[in-house]
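First chain written, first letter: the chains are A, B, C and D, and each begins at residue 1.
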Amino acid sequence: MEIFFILGIPVLLAISTFFMRKQRVFGIINCIGYLAVLFAGVSLFKGIISTGSAKAFLGFLYLDFLSAFFIFVISVVAFAVALYSIGYIRRDVGQGVISEKKAGVYYLLFNLFCFSMFMVPAVNNLGMLWVAIEMTTLISAFLVGFYNSKESVEAAWKYIIICSVGIIFALLGTILFSYAFSISGLSKSLNWSDIVPVAHILDKDILKVAFIFILVGYGTKAGLAPMHTWLPDAHSQAVAPISALLSGVLLKTAVYAILRFGMIIIKSMGFAYFAHLMILFGIISLAISSGFILVQKDLKRLLAYSSIEHIGIISIGFGLGAPLAIAGALLHVFNHAVTKSLMFFGAGNIVSVYKKHNMNAIRGVVKAMPFTGIMVLLGMFALTGFPPFSIFISEIMILTAAFTNGSYVMAALLLFFLSVIFGAFVYHFGKMLFGNLPKGMVVSGEPLSGKLAFLFLFSLICGLGIALPFIKKDLLWIAQRLLQG
Amino acid sequence: MFKIIIIILQLILFIIISPVLSGLISKIKNNIRMRKGQGILQPYYNLAKLSSKGEVVSETASWIFRITPFVVFASMLVSALLIPVFILRSPLNHAGDFLALIFIFSLGRFFLALSALDTGSSFGGMGSSREMFISSLAEPAFCMAVFAVSLQFGSTDISAFSGAHTIAVSSIVAGVTLFLVTIAETSRIPVDNQETHLELTMVHEAMLLEYSGRSLALIEMAAYIKQMILFFLIAQIVFPITLPVYGNLPQIFFWILWYLGRIIIIAIAVALVEVSVAKMRLFRVADFLGLAFVLGVIASVCAILGV
Amino acid sequence: MSDFFPKQFFLFDPLSLFFLFVIFIISLPSAVYSLGYLKGGYSSAKITLAWFLLLIFVLSMAFVVTVSNVLVFLVFWEIMSLISYFLVVFDTKHEKSIQAGMIYIIMTHIGTAFLIAAFMMLYKHAGSFDFNAIKSACQIMPGQTKNIIFLLLLAGFGTKAGIVPLHIWLPYAHPQAPSHISSIMSGVMIKTAIYGIIRFVIYILGVQSSWWGILLLVLAGITCLVGIIYALMVRDIKRLLAYSSVENIGIILLGVGLAMFFQSMNMPYLAILSMIAGLYHLINHAIFKGLLFLCAGSVYKATGTRDIEKLGGLIKKMPQTAVYFLIGAMGISALPPLNGFVSEWLTLQAFFLGALNIIGGAKVFLVICAAILALTSGLAAACFVKAFGITFLALPRSNYAKDAKEVPLSMKAGMFFLSLLVIVFGLAAVKIIKILALVSSSVTGFDISSMSFSFNNFTLSPQADKHIYLSTPLLALLLIVLGVAGFVIYRLFGRGKTIIYNTWDCGYYKIGPRNEYTATAFSKPFRIAFSFFLLPYRKTQKIRESFYHVKSFAYETYTTPVFKRYIYEPLLALIFKTAKSMRKIQLGSIHLYLGYIFITLVLLIVFIRQF
Amino acid sequence: MQGIILFTVLASTYLMVIAKRMPALIRGFRYQSFCLFAFTLFAASGHDQPDLYIIAGLLFVLKVSLIPYLLYRIIKRIKVNEDLGLFINPQLSLLWALVFTYLSWIFSTHLIISNKITLTSMLAIAFFIVLAGLFLMISRMSALAQIIGLLVMENGLFLLASTVSGGMPFFVEIAIFFDVFVSVVIMGFFVYRINKLFTHIDVNKLSRLKG
């Protein structure tokens, strides 16, 4: 069973950090460990596609397409981050930003963080789902406040408070779900696999209210506007590889939680209610993020707002509900995860060379770091939905579904905001990447592991764009299955 | 064989006759102004004098300056050959139609403007700039006139209106349009003034300032031919004559006086206009040609309405 | 649903092949040219990069015109935009190119957004992205939808083509790219947008009502005029050429719009004729604009400046380039017997025959369109007199021009080939029209077997019974013969000597480059005549020693960029203002942030019944 | 009996809403938690569920003793001003609290169509506690107040869970307790850090990150 590898390896690695003193060596071991996790994730995903859902560990774990997919996404990003961390942490240690011991703490937290994220899609019980998500918050708060500067501690505080409040509402929603379940005269259970088959007999009014709490609660964690406020702070202050994890997959785990409850809602009362709410939040997120991206000065905050934008797109995709849109949204989850990770790695490299977050002060990245520069350039276009990169495909799928659904206004808004965001990106990145180097700038080499991480992610970005037409059948099939629960 | 004769006759006609029109206009103007004025044949004397004189070429000038006289001359002669003069279908009628004529005119003008810039004198540049300004505004008016006429006769073929026809309103308006365009194109008052070499007013003459001797003669000749072509067109629109379809030359020689007399009427009209109005400021020319354009549109509308 | 993915990838119909031909016939000489152009100016890595990008660029364009699936089309369309963006910002040294690239890619992306909307609506109705399926679905599509799709397509492709007022990016982007790329961008890339209009509006959607054509004609007329008027005003030679591209796109669209108009009136012959005119001008423009950009690149390479006020006298330093530029300029000014003349004549002829044959008020409209075309071609001639005259003639105005040297062989070869094409496409009009007639018939679906466009192998003759003829070979022959005759007369009759002497200097002691007419002065009459649109203003600065003695006097004249000032800037300002004010919701107060969550929750619960 | 306990829960919440200083707030929290403990014990004896005894025990150990103790320790250690920093003064806060009570009542009557008045009022009180917790977080400047607000919200949820669905599944409940405890520890840790870096724990002044 691959799932034990997936959950076990991070735990083992976390324990072994106490015995490892050399961060260099540990970084590489860590990376190998996550390579194994990646393989396990892929084979799990494949296995689930062929066998359908599976329970494990006394029904404590429950795996179906959705969870296998999210585990796969997490494992991909986690591997990339582990790879990138080697060089990044080594550089930080080399520059004296953090001590050797703190590097060990980093790896400990990183592994715990990954473990908690892998737990989210794996658990069966909705209460445990909540616990796992809260765990991700608590652990990553340390990673956000890792550098112990005023800004990072402020960000960590806001992160932990806002997310905790949000998630408490999610717990409220969960309790209401269980209430709806209990008043329908069934035995007390919060297991998803028990609730879904009987979703249609649950009290609809209570479910409706409960879902609002769920949406606001997990939506806070997912970064849906207007509950997104913690997100740019936390993402901009976290250690660069962790920003990638936060943006790439942490948000998605919250989306996963919303989806889990959403599926119950869909089963119980049809699509409209779920769709309206998701699309509403999606559009608000897009609108707000586009404005902030436009006038942003901080590089990492810009990327954070872009995450809000993409979460908005994903939520619109799920909200639209056609198989094409669902497939698009799922793909978008993956595409955004890899692309945004790449961008955060690039931002990490840029910031560690220029020592600045302010984009107005960063010039000539392509000259200073040709490899990173070109990767960021291509990543930027990938992120804003240019072909031949993968996000284009998923956005087009969502747009197609929007038009086919006849929601023209929504589609027009989506196109409008995408254009604005694209313009803002080109505006910011064009100046930053090209142009002449600031005076007195020393050009230094880029670590190999960072380059490998870039190449790994970039091959996924490109590869998917090209390979997509050939995996089409599986994808739509999965989406279809997903809708049927 | 017959065609070749016609071509040669036509060439000779234009080369021989055209200068006299300028002389005539100048004579009429002078007479109206109560002056004696130069003789009608003065243009010929000028040409003869010029071709016997040596030539001064600016050291700044390039081969553009050298070839321009020939390009201008050739383009005007080609235009002249497109016009049916003796028979209904001019022998080279296949080479181009009424619309092509506009473009052939602009070929000569293009080179003339370039040659003016070539010498590096600021007069040349001024002339070139103004000439292009005026002609670019004259072109749509010209085009409108052509359209009006062609719409009336159902074809842009120049022979189409060279047969006999009744004079409709549209013909007259088109004729007037063409007349205004002619004034602009042949650098007459109120658009330009051929008689002065004052830098504030001159346009066409400024362009030619650096030319001398034989080259100047060729360019002058080309200008005469262009003037005659335009007069011919106006004449055929306003005072139509039935041209023989094929090979009835004697008939033409029979009424050659009236045939050429029409052109003289136009020439007189030009002279009268020249003496009765004042030269406009350059930027008023836009209004003048705008008027021509509007008239052209009116002519087209009349042609469309069939009046 | 599975029709989301393409089934059929390629389509090689006459239209595609025609565009493929256009792409390669411009790209090849440009590529040859770039051999010499890139050498010396760039590092070897950058040269490799340039070649790589060029290759992908050309390939992406080739795919754009040959794919047969909307989605795949979109992919290659975007790749084409992306690569051309990289090429625009290729000279990353200049802040200007970054700026230009930004404007370009943003405008292009906005255009693409419109296209996506249009394509999605097509998909909604056809249930497939394949051209064939969409084409057959379009026959039963409701009219209102068709209208909307048409407008979306027009906005989308119009942005790429540079239809006014969406042309704003063109004069920024084209000058900034390396010249062989400018040549391809201006010569070919913007034509892919025309391809899009023809393919999607005429071929797939099918022209539904006559106002489509009329709308396109109006836009095209405005585009012509605006393009050429701006071209007259600018003094950067590549910018001038870029504006002139706007103008020529207008002329091409006059042909295409007219074809659409006639198609909706069900007049096959005229539709075919107009389409031929449009396509002919398209390929002509590709040739001479490609040529002119290459020449401008040579000038830039030789002198290091693109400001024509600093040039002059290059005809002596770079005789071959001058000849090529002259040929290109003659072509673009529609001078007989070169290619631009033929296509403009055909367009005018199409207008004329249209005005003659249709019924009703549209006659006058067509006549006025023709007049606009005539005005445009007059202004274009003026513009290129300026471009050629100021750049190549008279004395050098600066040291840039003084030290210029002729460019290497590879660059000359590229220019030579294209200038040869300018002549060939002028003289071989009949052959070309026969081919274009095939292309047009495949697009419009009209049968051309009974139509004739030529009298014999040398003479064009639209509507044979009307005796309308045009024979460029004959004209060329006549011009040469009579020119030679003139020369003979000149030699025979003249006896005087030719003396080389100073230009007449009015008795002033020395005439030099500072006395020459400048480009700004040349365009002054136009600036004043079109002042209602150009809104010129001047800045003067006097530095006085005393009241009586002015030490120096600076005089600058500008024109107001109307579209930028009154459309784009307010729009951008509005967007930025909104975004800035939005920023106030996030000022760092955690209490406020918690409040947002609370309010969201309360609102959702209060309005729960709305969902 | 249940009614009396619920009333004390309500009263302790009001006490917290009007508290001006940290010790008072922590004391209020302790009362509230103790009431919940009593409530759970009562329910456990009523339903005869051994699970509930354990939960009640945990409640007592964690929320009544350990967490308040930790909080007191933090106050002592960081030696800052004990004021909570009120955006809204106690009188007005009380008014708000009353409004929230009313709103919660309306909300729960709408949510549950049930003739059992006790259930509805329990629900209302639970919602009110959640709201009061949020209110504390929004209207108090001190970082500690936010921790306590969060804990209050959590208490509300506990009450809600035990009223409407007879409590969460056992191991979920345990996990949640564990989670809450860890989060308090972590938040406390961050309060230390904030105090160290900023020399205050007024989170309203934490506004370096904008836009």
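Criterion: a residue touches a chain if its C-beta (ideal position, glycine included) is under 8 Å from a C-beta of that chain, and two chains touch if they have at least 3 such contacts.
The structure presented is a predicted model; accordingly, all values stated were derived computationally and were not measured.
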{"item": "Touching chain B and also chain D, the following chains", "value": "C"}
{"item": "Most distant chain from chain C by Cα centroid", "value": "D"}
{"item": "Highest-count interface - the chain pair sharing the most C-beta contacts", "value": "B-C"}
{"item": "Geometric centre distance via CA averages, chain C-chain B, whole Å", "value": "34"}
{"item": "Chain C and chain D: spacing of chain centres that average the CA atoms, whole Å", "value": "70"}
{"item": "Chain A and chain B: spacing of chain centres that average the CA atoms, whole Å", "value": "77"}
{"item": "Overlap residues in chain B, where contacts from two or more other chains coincide", "value": "none"}
{"item": "Two or more partner chains touched - positions in chain A", "value": "157-158, 161, 165, 209, 232, 292, 295"}
{"item": "Residue list for chain C, restricted to those that touch at least two other chains", "value": "583, 586, 590, 594, 605"}
{"item": "In contact (per the touch rule at the top): chain pairs", "value": "A-C, A-D, B-C, C-D"}
{"item": "Touch list for chain C against partner chain A, complex", "value": "1-2, 4-6, 71, 74-76, 78-79, 82, 89, 92-93, 95, 97-98, 101-102, 105-106, 109-110, 113, 116-117, 120-121, 123-124, 575-576, 578-580, 582-583, 585-586, 590, 593-594, 596-597, 600-601, 604-605, 608, 610-611"}
{"item": "Residues of chain D touching chain C in the complex", "value": "87, 107, 134, 137-139, 141, 146, 203-204, 206-211"}
{"item": "Residues on chain C engaged by chain D in the complex (per definition of touch)", "value": "583, 586-591, 594-595, 598, 605"}
{"item": "Touching residues (chain side chain D, partner chain A) in the complex", "value": "111-112, 130, 134, 137, 143, 146, 150, 153-154, 157, 160-161, 164-166, 168-169, 171-172, 175-176, 178-179, 182-183, 186-187, 190, 193-194, 197-198, 203, 206-209, 211"}
{"item": "Chain A to chain C touching residues, read off their complex", "value": "157-158, 161-162, 165-166, 169, 208-209, 212-213, 215-216, 220, 226-227, 229-230, 232, 272-273, 276-277, 280, 288, 290-292, 294-295, 322-324, 364, 366-367, 381, 384, 386-388, 392, 396-397, 399-400, 402-404, 406, 411-412, 415-416, 418-420, 422-423, 426-427, 430-431, 434-436, 469, 472-473, 476"}
